[in-house]
Amino acid sequence: ADKVVFLTSWYAQAEHGGFYQAVATGIYKKYGLDVTIRMGGPQVNGMQILSSGQADFLMGYDLQTLKSVETGVPVTTVAASFQSELQGMMTHDDVKSLADLKSRTVLVSTSGRVTWWPWLKARYKLDDAQSRVYTFNLQPFFADPRSAQQAYASSEVFSANKAGVKNRFFLFADDGYPPYGTTIVTMQKTVKDKPELVARFVKASMEGWKSYLENPAPGNALIKKDNPNMQDDQLAWGVEKLKEYRMINGGDAATQGIGTMSDARWQKTRDFMVGAGLLKADADWKKAYTTQFVKDLRVMP
Amino acid sequence: MAVLYRSMEDGVSGGAAVAPALYANQVEKTYPNGTLALERVKLGIQPGEFVSLLGPSGCGKSTLLKLFAGLEQPSAGHIRRGEHHKLAMVFQEATLMPWARVADNVRLPLDLARMDRAESEERVRRALALVGLDKFGGVYPRELSGGMQMRVSIARALATNPDLLLMDEPFGALDEFTRNRLDADLRALWAERGLTVVFVTHSIYEAVYLSSRVIVMAARPGRVIADVAIEGPAVRDDAFRVSPPFMHYCAELSALLTQANTQEQP
Amino acid sequence: MNPPLLSRPAVQRIAAPLAVGVVLLVIWQAVCTLMAVPDYLVPAPTVIIRALVEDWQMLSDALWVTLRITLLAFALSIVLGCAAAFLFVQSRVIEASLFPYAILLQVTPVAAIAPLIIIWVKDPTMALVICATMVAVFPIISNTVLGLRSVNPGLLNLFRVNHASKWDTLVRLRIPSALPYFFGGLRISCGLALIGAVVAEFVAGTGGTSAGLAYQILQAGFALNIPRLFAALFLITLSGVLLFGAMVLATRLALSHWHESEL
Amino acid sequence: MNPPLLSRPAVQRIAAPLAVGVVLLVIWQAVCTLMAVPDYLVPAPTVIIRALVEDWQMLSDALWVTLRITLLAFALSIVLGCAAAFLFVQSRVIEASLFPYAILLQVTPVAAIAPLIIIWVKDPTMALVICATMVAVFPIISNTVLGLRSVNPGLLNLFRVNHASKWDTLVRLRIPSALPYFFGGLRISCGLALIGAVVAEFVAGTGGTSAGLAYQILQAGFALNIPRLFAALFLITLSGVLLFGAMVLATRLALSHWHESEL
Amino acid sequence: MAVLYRSMEDGVSGGAAVAPALYANQVEKTYPNGTLALERVKLGIQPGEFVSLLGPSGCGKSTLLKLFAGLEQPSAGHIRRGEHHKLAMVFQEATLMPWARVADNVRLPLDLARMDRAESEERVRRALALVGLDKFGGVYPRELSGGMQMRVSIARALATNPDLLLMDEPFGALDEFTRNRLDADLRALWAERGLTVVFVTHSIYEAVYLSSRVIVMAARPGRVIADVAIEGPAVRDDAFRVSPPFMHYCAELSALLTQANTQEQP
């Protein structure tokens, strides 16, 4: 079997379920792949590890991929597990809509500053002065009732609920935030030299997602092995959110199959970035993705 | 002009009935490593006396001086120091602050006593002149020779105008000419100011020339073996140094020193 | 000759900080209880202790992982730090040429070069040890160089008169003279090795394989299990204090018979 | 009597490390060019210099932000470190009681308590300064305590004979004696203050308005703008080396007339 | 028994035509701070001579010794040292390693010369016995009195069996009895082994008793003002100490010392 290293973006969690599922249930093996999943972490720079050849595939996100392509790193997206990002805003429960954020302190992580924040800022006329830094720790949010913070539906919201803090969550994608989520990124060279391997990996992974949605137990067992602190209730919550927001099987995926991507969506993402000054207008953004592996994939949910 | 062996009791109660300036009562000193440095030392020093300590190396002279100064505590017995004494001490080593210039080193005790600068400057100048180092106030101690460093530490003690002066081999590193001159100066100072001096020396001549009393000590364990009153002219000059009584005292002390050296317990 | 128990220095050295600790803990507990501070903001000591007991298995495993990296990094720091110091003290030119690069090691943020180290060093434990060593090594170099230079000039003359080789001068004169400074360096570095191990795991750790205390802290933080987070922090600080204590003891053993700082 | 330019110590001290640096850079450049290493893995020096020049405005602003925090934290560390050391040296009981809590400061991962600091300290710059100070203060405490204890016993006797107050003994004896150790502490701490400022910014961030070098490094990392990342790293290490140089100079000014390590 | 003032040239070429053990040719020494410690010193010391340096504090005796030992470089002129000399030096300060026990301190030069342990132990034992410290091999220097520390450093120099011995006021901190004994021992050693000794002292008696030649120096700037050959019996005992020639030399040197002290340039 071909040895493949897949680097995730974070410690193992429900958002990585499809990949673990594909390992756990032998889907990869079926496709002749011997896949090792390496966990990412808070400061692990996946792009660097991918481009140095330490990993074959990377769990990426579109804005970084576009940015990397702009700086000349020859990477490209070959599939998108989620039809949008799970990223959103968690507020105290007196906030009725994102428009109410104007008078709030917004906690933005350093990476958020060059991703969703410019988008949100422009959309709701917010300004930098009301932002403070988010350090992936909920205590400041709890301590200040006038604050709101970035969050993943699957993790921060769960923690806040568990701590008994009433909150609301607004998914950015619901408001038109364009990028895909949990994509598969690889080197352009791999696409050129081993398209067949890439195709197998993409197909097996997407089948993994399909299987995960049906019965997450095998994948979850593996997730807990990699990340012993992951609790069952949190995994269950995560799976529920994936389903609730139809991350995997909603949008285009409902008709085109799991993992699908469209030029139109990439264009929207690109236009937003250029508009927000995050990307040069002349960047060759089309290099950042290829639909060749997903357009006829049709792993139907 | 007989040599007088006072009894130990005499050493304490002898002289006028004034309170002794320094009084060691059955003092013993055992260092942490078990060395018995002093054994049952009983010694009283009257105000205005000039007492020299003579004895072989390691017999506890420095230890006794430190006990008098309150720098060590006796292991047994006790030390009493008369009140109202302004004490100054010259240590066996020069003990200068390497980061301070010579003048600042000499001025230290005056600064500690919060003396105002104008007066202390003047005192420092005079003290340095006394030891022949008036031109060296501005240099650092490491730029001085061994003997010069020692003279700085003497100047530091004298600058305080003490009335109780403890000196541990102050002139050992000086040539005989300078030493004689300083001996004479010290003796004059003592006479003029009515100082009480306890003086450690290895020079019998110096001890006899300077002292009103010489204590001879022996080592292992350190103890007092003789207490010799020196009866000489009040004003001692070079003539005294060659007078028969001087020679007599020297011979006497030399014999005692030999005794101290040979009497050492095995 | 037997001083009362409480005035013995050894007892004071243990009892005094414990007493202060107990007082602080009581105040902390009181504040938490009286003001009803929620656990997820600042947990009360009793809550932390409960977490410590309940999660002991997990935490002690993690502690062991972190300690192993700490000790390896500390040992490596001592070896490399001394070697560098010995080299630097051989000549002013060598020192001038290379010292800036030692500083470079110190001031390069581990977070920034951890990715590169991970790329080059395959073994994850080794990668973490290297990161932690980078954090811990500099105080040893710096203090040891200072110590090796702080030699009594008289003794240096003595060695020169006796035609001592550079090696002999190093071993018999400079090293003993440097010990007080060296141990001072150790006392600073042991804590840095620990913190370096934690930071390295923060930035370079890849969870599953070697889950040390940093991983537990991160996870507890994400999961808002703040009592466990504080329990893990407590284990780190306790290790730090114990390591420091060990260094103090080592200093005492090595120096108490002659150096004034230990008399 | 005028030694040739190159054998003057001052020249050596500057020229030697520069020469080594140039050699290293040339090798680096050669390797990058010959092996055609892509910029996003390890950029060649020329590429980094280009990034430095092109992004100078942005980088120099960030540098200034980071330096400001560094210097504030360093100053605070000196003040607090000396105060703590003076306190500790007053009595063995005080030292025993409080020293463990100084160690606690050192070994607590900034990343773990930064959130709490952010809650309590509203001003972001101040929060960062506090974090960086936590990283930098310990070597000053530790070395200064060691120095204050390393006093010539003869001089201590001299002060006692002259009835010096605790204060006078501290100011006129202990502090001068401690200077070599204190400056040793400064030389370690200045780098730590810098690294502490960077790490603090990593974990506690600066609000959008004032972004320091850590922010630039993170952003360059996300965007895989590795030349800019290296340029920022270069600025950090350069600042570290210069800060260290300043400390060496300060040491020389303060000690060269008397202490053997500087003779 | 006339006092002989040799000319400076004599100091170099006098005696047999063997190569001098030590030779200072128009040596000047200026310290970095500008102090002129030695001015045009020309001095040759023949193998087997016992030369004492006498002079006021700060006249450059220690500096000259350090130049001879190669520990300082002359600012002008040059120093030559005869070959095949095993040199040992006793510094003005005891200079002991505080972290090593007394025996280890004494053994240091032997260890540096890679002598095997059995022999070096024996030598250390003998050297310590010579200075009366046989029982103190196991203690640390700070547990010794000043005089005892100095004796350790003397033992350290003697343990090496040197044939060129430079001693800087070695016996200054010892009582007269011990000093006389060590003087005699040193003189005997010198005679027995044919040592070359350069000896700094402030004691005129000691200089005369020990030396075959005494150099008198003056200060500011340090320079040689007299070179006195001492012609006494080969075996010098206590009788020599009271003989008329001895007294004569002492008086002579005393006068020279006074001259050195008063001749100091302002």
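Chains here go by letter, A, B, C, D and E, matching the order in which they are written, and residues are numbered from 1 within each.
In this section, a contact is a pair of C-beta atoms (placed from the backbone, for glycine too) under 8 Å apart; a residue touches a chain by one contact, two chains touch by 3 or more.
Keep in mind it's a predicted model, so treat the numbers as computed, not measured.
Student: What chains, if any, are shared contacts of subunit C and subunit E?
Tutor: Correct list: empty, since no chain touches both.
Student: Sort out for me whether A-D or B-D is joined by the greater number of C-beta contact pairs.
Tutor: A-D
Student: Distance-wise, how many Å sit between the C-alpha centres of subunit B and subunit C, to the nearest whole number?
Tutor: The separation of the two C-alpha centroids amounts to 51 Å.
Student: What is the distance, in whole Å, between the centres of subunit A and subunit C, each centre taken as the mean of its C-alpha atoms?
Tutor: Spacing between the chain centres: roughly 38 Å.
Student: From the C-alpha centre of subunit A to that of subunit E, how far is it in Å?
Tutor: 86
Student: Indicate the residues of subunit B shared as contacts by at least two other chains.
Tutor: Residues 93.
Student: Show the residues in subunit A shared as contacts by 2 or more other chains, in ascending order.
Tutor: In subunit A, the residues touching two or more other chains are 43, 45, 48, 52, 137, 139, 143.
Student: Which subunit C residues reach two or more other chains?
Tutor: 41, 111, 115-116, 152, 202, 221, 259
Student: Can you name every chain pair that touches?
Tutor: A-C, A-D, B-D, B-E, C-D, C-E
Student: Quick check on the complex: what are the subunit E residues that touch subunit C?
Tutor: Result: residues 66, 69-71, 87-89, 91, 93, 95, 97-100, 108-109, 111-113, 140, 142, 160 of subunit E touch subunit C.
Student: Where on subunit E is subunit B touching in the complex?
Tutor: Contacts found on subunit E: 31, 33, 35, 54-58, 61-62, 92-93, 139, 143-148, 151, 169, 172-179, 202-204, 254, 257-258, 260-261.
Student: Which residues of subunit C touch subunit D in the complex?
Tutor: 9, 12-14, 16-17, 19-21, 41-42, 92-93, 96-101, 103-104, 106-109, 111-113, 115-116, 138-139, 142-143, 146, 149-153, 180-181, 184, 187-188, 191-192, 194-195, 198-199, 202, 214, 217, 221, 229, 233, 236-237, 239-241, 244, 259-261, 263
Student: Within the complex, which stretch of subunit D touches subunit A?
Tutor: Residue positions touching the partner: 38-41, 114-116, 118-119, 124, 202-209, 215, 218-219, 221-226.
Student: Give every residue of subunit C touching subunit E within the complex, in rising order.
Tutor: Residue positions touching the partner: 152, 154-155, 157-165, 168, 172-173, 176, 179, 257-259.
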